[in-house]
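Shown next, in structure tokens, is the structure this report addresses.
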């Protein structure tokens, strides 16, 4: 089977699965989740095949398939992945089975739940594999709907508020991007097309570039999210069901960063260059601000959510510093953040399942009653604060060193974010897991079970693998990253399709 | 002195004739059969009439003639709108059938009026003379005044009919004044130059410097006002929420879908074709109207508690969105607007079909709170309504998204990207109230189990059809778009 | 140039010892790491054998270390460095870092200390931790610590060093907080980690500076670039570091060391770290981890030497030594006294580094590891038999009750007090000599003063705890067999350490200066011709030490000591009160950093975020809703209002056209 | 018959139209309101006739016919609606009808 | 001052006066009668401008038929009902008058200006007179009506059908057996359901 076909299969298997779940008989409670698990695992396995077939050292798109769709409007069904999207696809397919496993406790309305979850996967995969920008936008927005329902129907107390906030926030940004996409397509020479590859290098005046960049940026910045557009995030993450939080943090946020890398920079390189200081300021503001706010959170999940703001700040920083280290680190960090924050949400979810609270004050001394979960939590936490030897460090280090190579002073506040990360996470760990057990109900919690092991073990393994031997990951990222870096550094002078040269 | 009778090309008004005849047949049929047996034959007759009208309309595709002494333009544009109207009529009739039965007002007059209204709208779509346009407008307006008030037992219905009527008559006067001024300027009300040697307004425009055309600009303003009233553009929209709320739900859907496309057909023809040379005069005004329409419609909707009223405000906002296509005044804009109107019509008809189904006898259950937990009681209905709402909100893979892309794209192409930006911002505000409905349907528990639905499979079928179409035109919208693109060809223009 | 750098960053550099696969220094790390992994996953099943397993594996590393040491000795002095490239770690663009190990004379010394002392402490812990519910976990952490410490020591590049650097910090966190149920322990653990993080933050930036300036993180290459150009064609490729860069980089790295090695201003975590089990204090917070900074400075000595950072190093070291010694004088908690003592001694080592006495620093590092570990273990034994009591005011005359502990502690005391001929005497003397030789007389004086203070507070500790009449805390039974020497496994560790504390000086006796010569190829030739020059300096130091002991004797051993102390108290009330509160440094940091930080965080979270940004968001929503409410009220229901609105629209549109018409 | 300049007629028509508009706004009886609408239509008729004279054709006069027909049709339906409501409420006061609002 | 001017003046005053009188008559019957007066005056204006046939129609259809219908309905609803001339809607009257004045001024100015810009004057009078001479006003109208205006003419038939059908429908008896449906009062605004209060 050719990779191109396989890629499309990977994209649509979850959707088919969703339809299948939709027609399952009503009375079998376990059936939807088992089906969903099977579908997501199959998707993952298929994507592994894709990973194996992926050619290292190639900067351009691979597994490209193109079909006319709406020729009257220049819209094609064009998919393909490069080194950036590859890992996002992998991350998505990897996290989805975990998300399904984390949703085991959902027995009421299980059918629609798993339908939405699987539909979400197709949307996310589509976002990462679309080459046609119309298609991209389609998937981009389609993702919102299942997530809206996941938050709104299966979330916690303030779920409706969170769901609406999530959707409206992102929608405003997205729609601005839509206008920008249209403006871009209409300003390109020749016949109307939405093919990303054809639109690359569209000659645009600087002022146009600026406006269009901001249009795209509006969408991506909300999604990432950059301070001060982040306030949807804590609410959405906190109120979403565990799988929803995992997908939100793990994948949805990455869509924003991915968009910056894929579209905002290569399409409008001159404007992007001009905006670098602003972008870096926002990124660093996110790092410091997210961490500061996280420190005093009282809700464990909310704390993790704010940590995402800080982490995504790192990623955006890496994207915009204009060094291959920064960019590669940023992309790797997208993967890392998906793993570690995803795992943190899984863990918080696991604890919530046991105690039905997320308030830090309700815990204390849990390391005694649930030592293994505590240990895993600590482990993941360490990954999240960038302990060397674990995955987070590799990404953060590359980002910071990449930043330092070009912007010496910017690195100081950014690196200070690592200290802050240690503060909020360790303090939270201390309050939740250490000390005496102060509440009786905390004494009798059951420790990790097989399902949770199955859910967490792969993440842990990957955290170590990436931390110790990130080479296979970086090798596949680097060529594609180098191309974007080059565009960012040299503006539209150099055609982004020219050969890749080493950028320090 | 011989009377120069024009060639009576009845084909040019074939659909209208067919509809009128069918309406009369329906009236006669009821008079003959009486109300002793079930009135199933009425919708059958109506269906037949609408189908025939649609077919006759299609037959004129690609012929593109100005007929009947310059009174009617049988171009692809008109054909497109006529076919859309026929479809809207069909959907309305099918939804209405069970609704009317439930409400106990299944009368031949209802069907006849729907048919006559469609006839009037079709005439409007093809009108190549301002006075024809006016007559067409009055024809369907008068029919709608009555249809809105057809729930005679309901004070709501009566009130909405009266408000609609009074304001409608008021606005007609302005429209008429506009025609008078246009006549004053051009000495004719014909839009196109006809073979008989009469110079139409289009020809008049081409021979005069636009700086001398103050009178025509004035006329344009008044025409905008009159038509803006029909499409529910702010500030001429005030009747809309009340009329939509009080009218029987199928009629509301019909108004939202059909009235809008008919009036927009006139707007598109008048402004984007005939008065195109005057665009620097009317465009700023239309931009202003479009912007406040989009914003006010969206904003006013978000606190509504009555679903019909909310959808009314939403339809106001949608008028604003379509107006961005008008502003663009290019082929993209016209075809986009047409596409938008067709898909919007289908969607909104579906939505009102759901509302009609759920409202219960006398439309007692139309409050947002009545929709609580709908998903758990009627998942398919809730799902369809969700789909329609998403389409109205412009979420991808639904037809509504494509429509928005096309009209906003047209505005962008014409250099009015900023209008599009305002449009998308307004539509995200608008999204809020669609979300509210979804919140109620999915995320809240129903207080009492939903009453059994007194409406049957026909309306259900319409809903399903609309749902499928909403998705279909959201994914495979190429063909419809292509047709809409062809329909931008105006006769003689 | 690039070639040189790239080559340089891809080890091996020049040839050195050739290793077979099993003589690879990687195994040094692998053994304890294996132990950690095994204990992590199968700890419960291994159970009581955890201690044996862990000690055995670390012992294996020690043996291997000895073998490697032997192999080194069998090689020519300049050929003793070995570079091992395990695998590529992070490589993006021209930035490449591998998992590289460097085994040279400097690292083997550290390896032997870490594995040797480590093994002894492991063995000690078998007894000490007996019966703890998380017994296997303890050894898992210990082994993990050893593995990471060895990584730090063996690292061939700064990034790998950083791995170990942070890794041991993590283990420190885990072990301090081993009894996490105690709020104090978990607080101390967190504090240790965070304070270290602050240092690491600077360290990391130091790494960035070097990464940019040197285009590599390889320690040998950086050292080479900091030094003179090599002979031959390589000189063309040699692009030396500037002094400015070197200063900045070394200061940043040293800032990291102030965290890890508990120097001013980041020493505050170490006294609190005593909340951990005593073997941890011995191993991590006395013998090994805290010396990482000292080692790092020695390791990068060419870099430090190139710039002017060494002055800072020396002064920070000296001031820390004095400051911590002062604090130790007023402390009553045995372990805390030892902790301050450790800080002080570490300061000593930095002082040595700062005056380019790298080998002296290393020498003191080694001897300190011996006697401080010994004393910690001794203190642990005391606590073990006194139900965990640490307040020395509640103890006395324990030497008779627990003779082995008492006598070994006596050795440690004499060693640290710098009494001839114990190990401490020689190493301290080497440091003072270096300082004197460098012309740093002020530092030398500080060193001497510190020596006096050290002797005083250690004597105070020793006299109070082990001499005098038997005194035990309330609730501890004194009858037979209750207060006694610790179990054999614990004692087993004390004796060798005591022995080493006595003879440790042999490593570097003045005439032969074995250690110094051994390290010479790495840290360079010491300028001091002989350790004991000039002789009178040595005797002065000795005198200082003896004076300290004498003062302590007067105050604590003599029968009238009580009254003298009572006479002193009023005069020293303020310093004593201040010292009891650690001179309010924690409070200072609390007021100056933590409180404002928390306030800022609270402000950000609850005011800026919740009210400000989110308030704006919700406010926008609310505003729209409010507008909506207004707009809906326009829809009054009165049809004539509607007509008026309609008319308004008409008139407005009309006006626009009329104005256009009128104006042309 | 020499005649007055058409501008005067137009002004008259404009004034009458406006009076119609104002009447719609200020009167409360539905029937009266409707009569003012008729007044507006009449004013437009005058404009048609005047423009017909200005253009020298009778098209404008024909348009008046159509307006007449429309007016007739509107009156029929309109009065029926008003009657329908008035019967229920016993009043033709439009201000009494505002159930549908907001 | 020619006769035409005098006649025009009278017509002008009567038409305007009747219109204004409509505004101020509290009684619907009076309003209707004033409207008839205005329409008759307009018929005079039509005559003055050579629209003879239309003038006749104006009187017959408008002042005759339509106004009778009005009066009929007024009678039906009670002829003696006087409309209170107080304005319950705040600002309505002021707005109406203000906007009305503005509108009148704007229409008058712009129409005159527009006519002026186009160069239209009394020039068409001669042509119209010619038509009225030959073939005559009625003939000319008839010719046009059945040729150029054939479709609108036919369309009026549909319009009338619609009106008839509409009235038929409205006149149908209400099925009172089912009871008259009183709608709920509209909800007080700004009472959004609790979930959204938080959301907005």
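Per-chain numbering from 1; labels A, B, C, D and E assigned in written order.
Criterion: a contact is a pair of C-beta atoms (placed from the backbone, for glycine too) under 8 Å apart; a residue touches a chain by one contact, two chains touch by 3 or more.
None of the values given here were measured: they were computed from a predicted structure.
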For which chain is the distance between its Cα centroid and the global protein Cα centroid smallest? A
If I count C-beta pairs in contact for every pair of chains, which pair wins? D-E
Distance between subunit B and subunit D based on Cα centroids, please, to the nearest Å. 26
What whole-Å value do you get for the distance between subunit A and subunit E if each is reduced to the mean of its CA atoms? 65
CA centroid of subunit C to CA centroid of subunit D, Å: 95
So the centre of each chain is just the mean of its C-alpha atoms; given that, what is the distance between subunit D and subunit E in Å? 1
Could you check subunit D for residues that touch two or more other chains and list them? 17, 20-21, 24-26, 28, 33-34, 47, 50, 54-55, 57, 59-60, 66, 70, 73-74, 77, 80-82, 84, 88, 94-95, 97-102
Residue list for subunit C, restricted to those that touch at least two other chains: 624-625, 629, 632-633, 635-641, 643-644, 647-648, 650, 654, 657, 661
Multi-chain contacts in subunit B: which residues touch at least two other chains? 131, 135, 138, 142, 145-146, 149, 152, 155-156, 162-163, 166, 170, 181, 184, 211, 214, 217-218, 241-242, 302-303, 432, 436, 439, 443
In the complex of these two chains, what residues of subunit A are touching subunit B? 69-73, 112, 134, 137-142, 144-145, 148-149, 152-153, 159-160, 163-164, 167-168, 171-172, 175-176, 178-179, 182-183, 185-186, 211
Subunit B contacts subunit A in the complex at 375, 390, 394-397, 401, 404-406, 408-409, 412-413, 417, 420-421, 424-425, 427-428, 431-432, 435-436, 438-439, 442-443, 476-478, 481-482, 485
For subunit C, which residues are in contact with subunit B within the complex? 624-625, 627-629, 631-632, 635, 637, 639, 641-643, 645-646, 648-650, 653-654, 656-657, 660-661, 664
Taking the touch rule as given, give the residues of subunit C at its contact with subunit E in the complex, in rising order. 618, 621-622, 624-625, 629, 632-633, 636-638, 640-641, 644, 647-648, 650-651, 654-655, 657-658, 661-662
Can you list the subunit E residues touching subunit C in their complex? 89, 92, 95-96, 99-100, 102-103, 106-107, 109-110, 113-114, 186, 189-190, 192, 199-200
